[in-house]
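In order of appearance the chains are A, B, C and D, and numbering begins at 1 in each one.
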Amino acid sequence: MLGEGILKGLTETARNFFGSYVDDERLTTVQYPEERLEQIEATRDFPFLVYDGEDWEKGMRCVSCQICEKECPPKCISIEKSKDKKPDATGKAQFYPAKFDIDISVCMSCQICVEVCPFDAIKMDVVYELSTEDRFGGLLLNKEQLSKSNEYYNKIHPTEAGAVDAALAAEREKARQAAAAKAAEAKPAATAVVGAAAVERDGTK
Amino acid sequence: MNLETVKQEIEANVPGCAVDMVLNGSPSAQHSLLVDAAHGFAVAQFLRDGAAVRMDYCSNVTGIDWPVKEISTKVKTKKMVDGVEKDVDEVVKTQSGGYLEVVYHLYSVAEREGPVIVRMRTEDRAAGVHLPSLTPLWRSAEYQEREVFDLYGVMFDGHPDLRRLLMWEGFEDFPMRRDYVDPDDYEYEPTAHDEVLQRTREHWSAEDCK
Amino acid sequence: MNGSVRMAGTADQIFVLVKQWLMGYVPGALQPLASAVLSVVPVLLVFPLLFAITTVLERKGLGRIQNRYGPNRAGFFGILQPMADGIKSLTKEDIIPRSADHLVHLLAPLLLVVASFLVYAVLPIGRNMVIANLNAGVLFFFAIGSMVELAVFMAGWSSRSKYSLLGAMRAIAQMISYEMPLVLSAVVVIMAAGSLSTVTIVTMQATYTGIWPHWYVFTPWGLMGFVLFMIAATAESNRSPFDLPEGESEIIAGYYIEYSGFKFALFFLGEYLGMFATSAMAITLFLGGWAAPFSFLTWIPSYIWFFVKLLALIMAFIWVRGTLPRLRMDQLMNFAWKFMLPMSLVNILCAGVWHFMAAGFVRWVVVAVLVAGTCYLLSQRLKRGKRVAVRTYRFAS
Amino acid sequence: MSVLTDTTADLLGSGAEDRSGGQLLEISMGPQHPSTHGVFRMDVTLDGEKVVKLKPVFGYLHRNHEKIAEKESYLGCMPYTDRLDYFCSITNNWAYALAVESLAGIKVPERAEYLRVITGELTRLQNHASLVGFLMQDMGASGTPLMYAFREREKILDLFEALTGARMMCNYMRFGGCRVDAPAGWMQQAQKVVDAFPRFLDEFERMLVSNEILMARTQGVGVVTTAQAVNAGFSGPMARASGVNYDLRKVDKYGIYERFAFRVPLGDHGDVYDRYMLRVLEMRESVEILKQAMRDIPAGPIMDPGTKIRGFRPKAGEAYGRIEAPKGELGFYLVSDGSGNPYRFRVRPPSLINLTLLEDMCIGQNVADIVIILGSVDIVLGEVDR
């Protein structure tokens, strides 16, 4: 009979019309500024730099090795390596980035910088309300804007950050032991002091 | 089906054609057949219609640019130096490339065979860039050959509608060639660095870059 | 009891009484003019307001059909959305293509709105509530209604755009084709009522047997006539699934592609007014106009019944729009000439048979069989011509 | 009257004549047109509403992807493949990873293969669902089926986000495996989505499959015969709707597809209705594959330990890797000269090649049919223009 399929369709739309009032499965829209979706842990958008401790300049993990700059497919990272060395979070003298800019209008959130970073210094952020009125400067993030604490990293990606922290702690412990052994060989008296300092620094993290 | 048998079949059925095996050194071991341009169409026709092969499906058509490349190899030769035979390293310079290559990936839907990879090379990269078009045999080559013409500048003789596909009418260069030079129309990029920054500076005045 | 009846009667006639009371203050010489103004101005206010409400209803209804919210930001539940839209369309730039025929380009939306408003003159909105009780009311309605085609063609032609031209061509072909079944399906009612006056037609339906009303839709030919009339009305008002002249996925917006700003809003208004008018005509002809559906509900004022029925039909339009894909031009024409036209002619015959047979069960059966049989045969023919069928599929071994 | 005749001459433009000696109407559909699925243009010549000539114009989204890739490392090419067919980034990743693996002879661990199948088939589900919705949209169904499709797609995109971190630009696969393993609870979540999916398909079928208007609009429109389809290089659902029994999951058996029991539906008419129905049927088969894959997935590593992601330099040579992407045969042809970036990087775009017969399909049809024929081809301009 002509019109049978049309009637079937009409019942289906009617079912959806009423269903949208009672069934959450059918009405999936979220009223954005008031309601927000729960943060999915794996979410990524733009990179940020992790620092340990309180001071972002002192605790920055980045040692300016420039691997991410080289590997970044759209070349949105721009790093200038420092001339001098400064002690990092563990107290070891390291180079640091004199300039570290990421142009997030160019960045395509591919996460390759995170994958290639050997120092766990660059990670993916989850902020998404980034609109700005300044088309160029507003989307060009400098070192200070990019720096976020390790606590923040632990908050947004707990599982991943936990693993990173454990690995880093193990590595530092190893380094400390090696240093201690070395120190014990050279100057047995100084061991206690170095060890205490290391513990203190780890505690601030 | 073995590529060697395909080669023999072609040689038996298309008189006068020169078919070479091009071996592939990578683990994929997808070897290919290099066919001379003059007999390209006949070989392709045989590959499509020949009872033994029946490659009815032309999956992929690609161009590759091989500019002239000088390869310097050190060859150890024995030479008579002062009457004594000695091993001497000698640098031998050979030229390779200097042509455009078109690669066809053929499959057989009926026999579920493939791929048979057919390559054809142009004489050079300037004037002798003519190759026979296989579009009359496989319609699927129509847009892909247009694309190869557009990006590499290979002229396909016998193509029904050889126009640019992706670039606009009136565009002059062939962008996929290795020696293509980007036009000087860089826009200001905030994080311009290295070479990009250099070119941006050259293109724009200092105030624009500010 | 008597008091409540009088109360209900007063509520029913409240607008008529107010008008009479106001007219008492108007000097005799100005009486005709004042009467016209007092009748016309409410119509000019109420129906654009209904248009505003309908746009929200439509967007929210479509939204819910499509499992989303629809507009809910402007005002409480989005009821101020039409205001926002109105302000937006007023403040937008009014673009006239350089090569367009400026005068015709300007006149087209005006003509459309004027023509759409004119037809309300003969629509009885409630008991004794009609602007002009013409003897040939139905005829007037269809005659003025076809002015819409002129407006659409003016718009399409004057824009000097190819898409507009295609849209206008489609619109003309469609509207002329569907005007015939529209008028022919109304003829059965005129035959039954013996009058072309809309007021008489409604009054004849506003009687009851027991609690049941005498609406024409409750006869076999009336039901078929109603269905045909509604299909034709959908096509006349360019609503889905007959919205080919607009066809936003094919010819973008058809004849009003080159309109912007308030002229575009006028087209929108005209289109919706046309939809209301044809729906109101369907109500008048088949659904008893302002008459209550049951005799015990007559205490509810007549104009409320009219608007309830109108809203119900509008809802149906929205529902259909949310469900059906669009027809193609040739299919649309086929449907008009091969199904709608013969069906409405046969329907006239059936109505004739009905009048010549004695009232009773036999008459019902005979006419119902006639109508349903023709409908079935015609639809089979329509289907066979296209070889349309649900298919089954094989799987590769 | 002169005004009118002027306008006519101006509008009609071309010198070509129709049957009755009048002029033909030339019309440019696109690049900004609601139904060209992107910035695609067709120069159409019409005789009334009948199409007499149609020339597609490409390149509005051209960015020379292949040239960009020649300057990138093998790893750096991966995120760019997401942007080819931005509806199915995971299958694009897969095809590229497959080509690189074939080029360098890399083995993929078991669990990674299963993850690839699961994400790949989820991609197919969401692509086909939205395509069928778009087809209805092109037919003027005011977006209702499209919204239902998007409602389901949303759930699958949420899964992608939980797994890969991104909804559309997943950048999930690496040569030698996958980037990350499924987090805790992901499989259960995915299982729920897959189990609920047939309900959506039923709803779809009830609503549209027997709809008379839909059948009248699509049956017998845009017919392609089997021979034409093979010759024109059709692949994927387009080819199978014309009765070509060629599904790369069965033919090449790439990955681990031979382990799953699934059927390949075939069409007999090769018209728009068949293409539409084939996608609906393929979604049902994909659900079957997904159920089997989720049941059988083993534990284990997800990356081949021997593969170096950074500084990857395959031996000189070439490889062509192809997979059954939702839109058809997606192939990557890579030529390596032994350096860190591909010497030649070629994408075989199924969308573009499936458009080869667009003119043949459209000639003699109506303007309204162009839109649904184009819709049934399932193009994404990111891939067509590259």
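Assume contacts are C-beta pairs under 8 Å (C-beta built on N, C-alpha and C of every residue); 3 or more make two chains touch, one makes a residue touch a chain.
The model shown is predicted, which means the values in this text are computed figures rather than measured ones.
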Set of chains adjacent to chain A and to chain B: D
Chain whose mean Cα position lies farthest from chain B: C
Pair of chains joined by more contacts [C-beta pairs], C-D or A-C: C-D
Chain occupying the most central position, where position means C-alpha average: D
Intercentroid distance (Cα basis), chain C paired with chain A, Å: 60
Approximate Å spacing (C-alpha centroids) for the pair chain C, chain D: 43
Chain A-chain D separation of Cα centroids, rounded to whole Å: 33
Centroid distance [mean C-alpha coordinates] between chain C and chain B, Å: 66
Junction residues of chain D - those touching two or more other chains: 144, 148, 151, 207, 209-215
Residues of chain C touching at least two other chains: 65-68, 322-324, 383
Sites on chain A touched by chain C in the complex: 1-3, 6, 9-10, 12-14, 16-17, 19-21, 26-29, 31
Residue numbers on chain D that touch chain A, as the complex places them: 72-73, 75-80, 82-83, 144, 148, 151, 154-155, 158, 161-166, 169, 171, 179-180, 183, 196, 203, 206-215, 309-310
Residue ranges of chain A touching chain D (in the complex, touch as defined): 2-6, 8-9, 11-13, 16, 25-26, 28, 40-44, 67, 71-73, 108-112, 115-116, 124, 159
Chain C-touching residues of chain D, taken from the complex the two chains share: 3, 7, 10-11, 25-27, 33-35, 46, 49, 136-144, 147-148, 151, 207, 209-217, 219-220, 245, 247, 250, 263-269, 273-274, 277-278, 281, 366-371
Contacting residues of chain D [partner chain B, same complex]: 58-59, 62, 64, 66-67, 102-105, 228, 230-235, 244, 246, 251, 314-320, 322, 329, 331, 333, 335-336, 343-344, 346, 348, 352-353, 355-357, 385-386
